[in-house]
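Labels A, B, C and D are assigned to the chains in the order they are written; within every chain, residues are numbered from 1.
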Amino acid sequence: MAVVRTFLYLLIYPGLLFLFAYSTFCEWFDRKVYARLQNRMGPTHTGRFGLLQPIADFFKLMAKEDVVPEAADKKLFSVLPVIGLAVVATAGLLLPVWNFDLLVPGWTSFPGDIIVILYLLSLPTLVLFLAGWSSTNLFSTIGASRVLTMLFGYEVPLFLAVLSPAILADSWRLAEIAAFYQARPLLLLANLPGFLVALIAVQAKLERTPFDIPHAETEIVGGTFTEYSGKKLALFRLTFDIELVVASGLLAAVFLGGFPGGAIVGFVHFVVKTLFIIFLLSLLRALTSRIRVDQVVSFAWKVLAPLAVLQLLFTILLKGFLP
Amino acid sequence: MLNKLTRWSRIKSPWILHLNSGACNACDIEIVAALTPRFDVERFGVLLKATPRHADVIVASGPVTRQMRERIIRIYEQTPNPKFVIAVGACAMSGCVYRGAYNVMGGLDQVIPVNMYVPGCPARPDAIVDGVVKLLGKL
Amino acid sequence: MSDTDIVESLKRDLGAKALELTNPAVRRIFLKVATADLVPAVTLLRDKYDCAFLSTITGLDTGEAFEFLYHFASPVTTIHVRTTVPRSDPRFPSICGVIPGAVLYERELQEMFGVVVEGIPDGRRLNLPDDWPDGQYPMRKDWKHVRPQEVIPGGES
Amino acid sequence: MSFVIPIGPQHPALKEPISLRMTVEGEVITGVDIRLGYNHRGVEKVAEDKNWTQNIYLAERICGICSHSHATCFVQGVERLMELAPPKRGLYIRYLVSELERVHSHLLWLGVAGHEAGFDSFFMYTWRDREIVMDLLEMITGNRVHYAINTIGGVRRDLDEGQKAKVLEGVATLRKRSEYYFRLGATEPSFVARIAGVGMLSKEQALSLCATGPVAKASGVARDVRKEDPYAVYDELDFKVCTADTCDVLGRVVVRVNELLESYNMIEQMIKGLPDGDIACKAPRKAKPGEVVSRYEAPRGENIHYIKANGTDKPERLKVRAPTLGNYPATVEMLRNGFIADIPLIFAAIDPCICCAERTVTLIGARNGEESVVRMSDLRRQALARPRNAGVKRNAVWPL
């Protein structure tokens, strides 16, 4: 019975099916907000208010012909999207929204799961680099090298920013961190700069506009995705959507005080908070222009890293004076 | 049931690739103007894509010049099936004022099979949007 | 400095070299020069009359000879230097040494009229397609283009 | 290690087919090789077998965004050949439409510059306001682009009171918006970071390489045909030539927005001072033999037409030189040791109108000798056609 329950757990509720539906909803929300900020309508004619647009894109791509470059390493080229999707889906399992009561936590909540989720979130970037490198197109090799240069920029500030609230709550377990901040909501204001740094770093991780350099449309044609089409492209786009959901879920759990309440209320908290973060991300995306790769790295190390270290210092000091 | 779903998804999200085969860029600017707030093709799910790999509908403008002929054929081959071609503007349909020039092939259908012709010099953005929607209706 | 003063000073500087000097309209001065002293005339124009801006070079096919018009523009007037080259031996010096921007137009003349520009820094083909047959010079008057019959796709051509 | 990136004829940044071959070390460009000719339609040969009125519509279709400038330049020359004196009102309407076209062309360019830098909201906003000018032009001339309002000897359509009021009101809203864009373009940190100090072109380089239009004005060269060689109406209007001396893409943004504001004043002066009278005069079918050079300040720079007539109703020779042609050697200088990410931005900064300039040339800048000279088409074939087994037969079967 437990096996069936876990199987169901993996495939249906917090697993693939739910993530697929929720990430397409988030992509629709993001595209709609981005369009409204640009005084446009955004997708409206597919389903109610254009809700089914991402799903239409996904199925159309699945039905398209799949082209594999001849000189590319075929096995690696076609297995990468699947790995990316799997990694990000497992990261989705660890979010503290599914194990509601702290006392008998499900198997997906264990001390140290914040580290695992951060690690799983940085794996897709490597998958992206391999994807760019294995499709031997000139533009994707440039895109791949840019993915790595950016990785060195935003990775450290992101880790610092996300871990400082954990230090304040002195536990590496997401559920406990969330419970700590639910008990003392005032402390949430303490790690506000950390929240800012994490937002910008997540924007860079998801390669959205100020940092969408690896697949910059106007510079290097398609960037890492130049050679991908059909099913592989559909899976890659899905990977990015799920990564958006998981990253914003993580930020919500750590910075906005998790998802209190039982199954239903916790879930509503989860939806509201992730949509709020996605709104912030698309706001950032609409208001800035793309900056160059060297500017990203210098910006990360000159602004993000010091701010994250300051945040860490402030947290440690605060921990000292806390009753 | 499956091909009903694929048919619906193909109608609802046509990704376009813009191709200029030696045009006077009036039609190109009107194609790009179709993306802007007033005409906004994204309502129909149309996205302007950069690589032929991602595109379903090639929106081409301009009388094919001799130099561009071979590149257009290659880009047409690089687009995965099912693909469609819309010839925008009088130049793409028949070469317009340049018909008969020594360096112009006169129209896009001399080079690649064309599914939809949008007249006008330049074709108005709403005519282009109408062309895309009619092409999908025919699917 | 009105047009007439410029015409006077040009006559004084070039003397016999200026075969023809007309001022048909306001701010339009046409100067005919033999190909031999084309480059010195252009250098003089650039340094003394501030005509560093070369608008373009027009090529004309007048039956038995080719005519080239160098259009210069200065803040006060425009000066157009004209040289003729016999059809039998179409060679003339390049002015890229004096005006770096001129390489653009000289390559076009080479390709469109089949003339030879001596001393051109970069003589590659300009804007005719790669597979254009050599020896065909489209802008010559005697070059006629037979238009291929367009085939209407779907049969009934 | 250095390798060569072909920004191929079909590229999202370039709305038109031009091929740039960059020799690149890491992200820094060391050499540039621009190959054109994809847009060469042989306009001059076609012009020789069309009569004068047909040639107006051919001249218009040389370029889509500066169509009126080519048509006006051509018609000016022909009127001088036929010694015609078009009535004042006709001239005022003609140059009113040309200033409106400058407004729409600069707004278009601002949007494209924003799009190249990834700032899509700026692109959306500027193009949304460009629709106001397009509506005005459509009201006056009947078509959004290719206005066809010029005939030899004047203009074809008149302007009544209602239209004049609408133009004034449209210009007023546009002036408010342009000031907003000026502040936005010059102060938005992430946008300025992308365009400041990019694509440097010093004043000497601009002069020696015959750069023209806003590219030269942004390097401090105050050359404007409307001031130097004022034709028809411009000597009665007071306007100043706007220049900036930052010599980079930011300077070009500043110059173009200033020119926008200047154009708004000129349009208002023209509308207020519109003399009455008829709008065109009769033009003979044949032109006396002779030659003429007509110059015009297009939105991108100095436009020059050389027309030679031989007494028949067809021109013997029509030579067109568009402003973008003059800016290409300057572009090669600007692209040298820039970044890959800056290629589309620098290239868009000269506001290339490649279809005008189908006669431009390549200036090889690749310095490192070890780069083997690969034929242009083979290189592109390797890079773009890497997936040989595209799975599509040579003669593609019709999908329907």
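Please note the rule applied: a residue touches a chain if its C-beta (ideal position, glycine included) is under 8 Å from a C-beta of that chain, and two chains touch if they have at least 3 such contacts.
Bear in mind that the values here come from a model prediction, so they are computed numbers and not experimental data.
Asks: Taking contacts as defined above, which has more of them, B-C or C-D?
Replies: Result: the pair with more contacts is C-D.
Asks: Report the most central chain, judged by the distance from each chain's C-alpha mean to the global C-alpha mean.
Replies: Answer by centroid distance: D.
Asks: Would you mind pulling out the distance in Å between where the CA atoms of chain A average out and where those of chain C do?
Replies: Their C-alpha centroids are separated by 61 Å.
Asks: Can you check how far apart chain B and chain C are, centre to centre, with Cα atoms defining each centre and the answer in Å?
Replies: Computed from C-alpha means, the inter-chain centre distance equals 39 Å.
Asks: Distance from the CA centroid of chain C to that of chain D, rounded to the nearest Å?
Replies: Once rounded, the distance between the two centres reads 23 Å.
Asks: Between chain A and chain D, what is the gap in Å from one C-alpha centre to the other?
Replies: Result: the chain centres lie 43 Å from each other.
Asks: In chain C, which residues are in touch with two or more of the other chains?
Replies: Expected reply: 128-130, 138, 145.
Asks: Could you check chain A for residues that touch two or more other chains and list them?
Replies: 38-40, 65, 67, 217-218, 221, 227
Asks: Which chain D residues sit where two or more other chains touch them?
Replies: 12, 37, 39-40, 42, 45, 124, 128, 377, 387, 390
Asks: Quick check: in the complex, which residue numbers of chain D touch chain A?
Replies: Residues of chain D touching chain A: 3, 5-6, 11-13, 27, 114-122, 124-125, 128, 188, 190-191, 193-194, 339-344, 383, 386-391.
Asks: Taking the touch rule as given, give the residues of chain C at its contact with chain B in the complex, in rising order.
Replies: 128-132, 138, 145, 147, 150-153
Asks: Under the definition above, what is the set of chain B residues touching chain A in their complex?
Replies: 5-6, 8-10, 12-13, 36-37, 40, 42-45, 50-51, 53-54, 56, 78, 80-82
Asks: Can you list the residues on chain B that touch chain D in the complex?
Replies: My answer: residues 18-30, 32-33, 36-38, 48, 50, 63, 65, 67-68, 70-71, 74-78, 81-84, 96-98, 100-104, 112-113, 115, 121-122, 124, 138.
Asks: Hey, which residues of chain A end up touching chain B in the complex?
Replies: Listed in rising order, the residues are 31, 35, 38-46, 50, 52-53, 55-60, 62-67, 217-218, 221-222, 225-230, 233.
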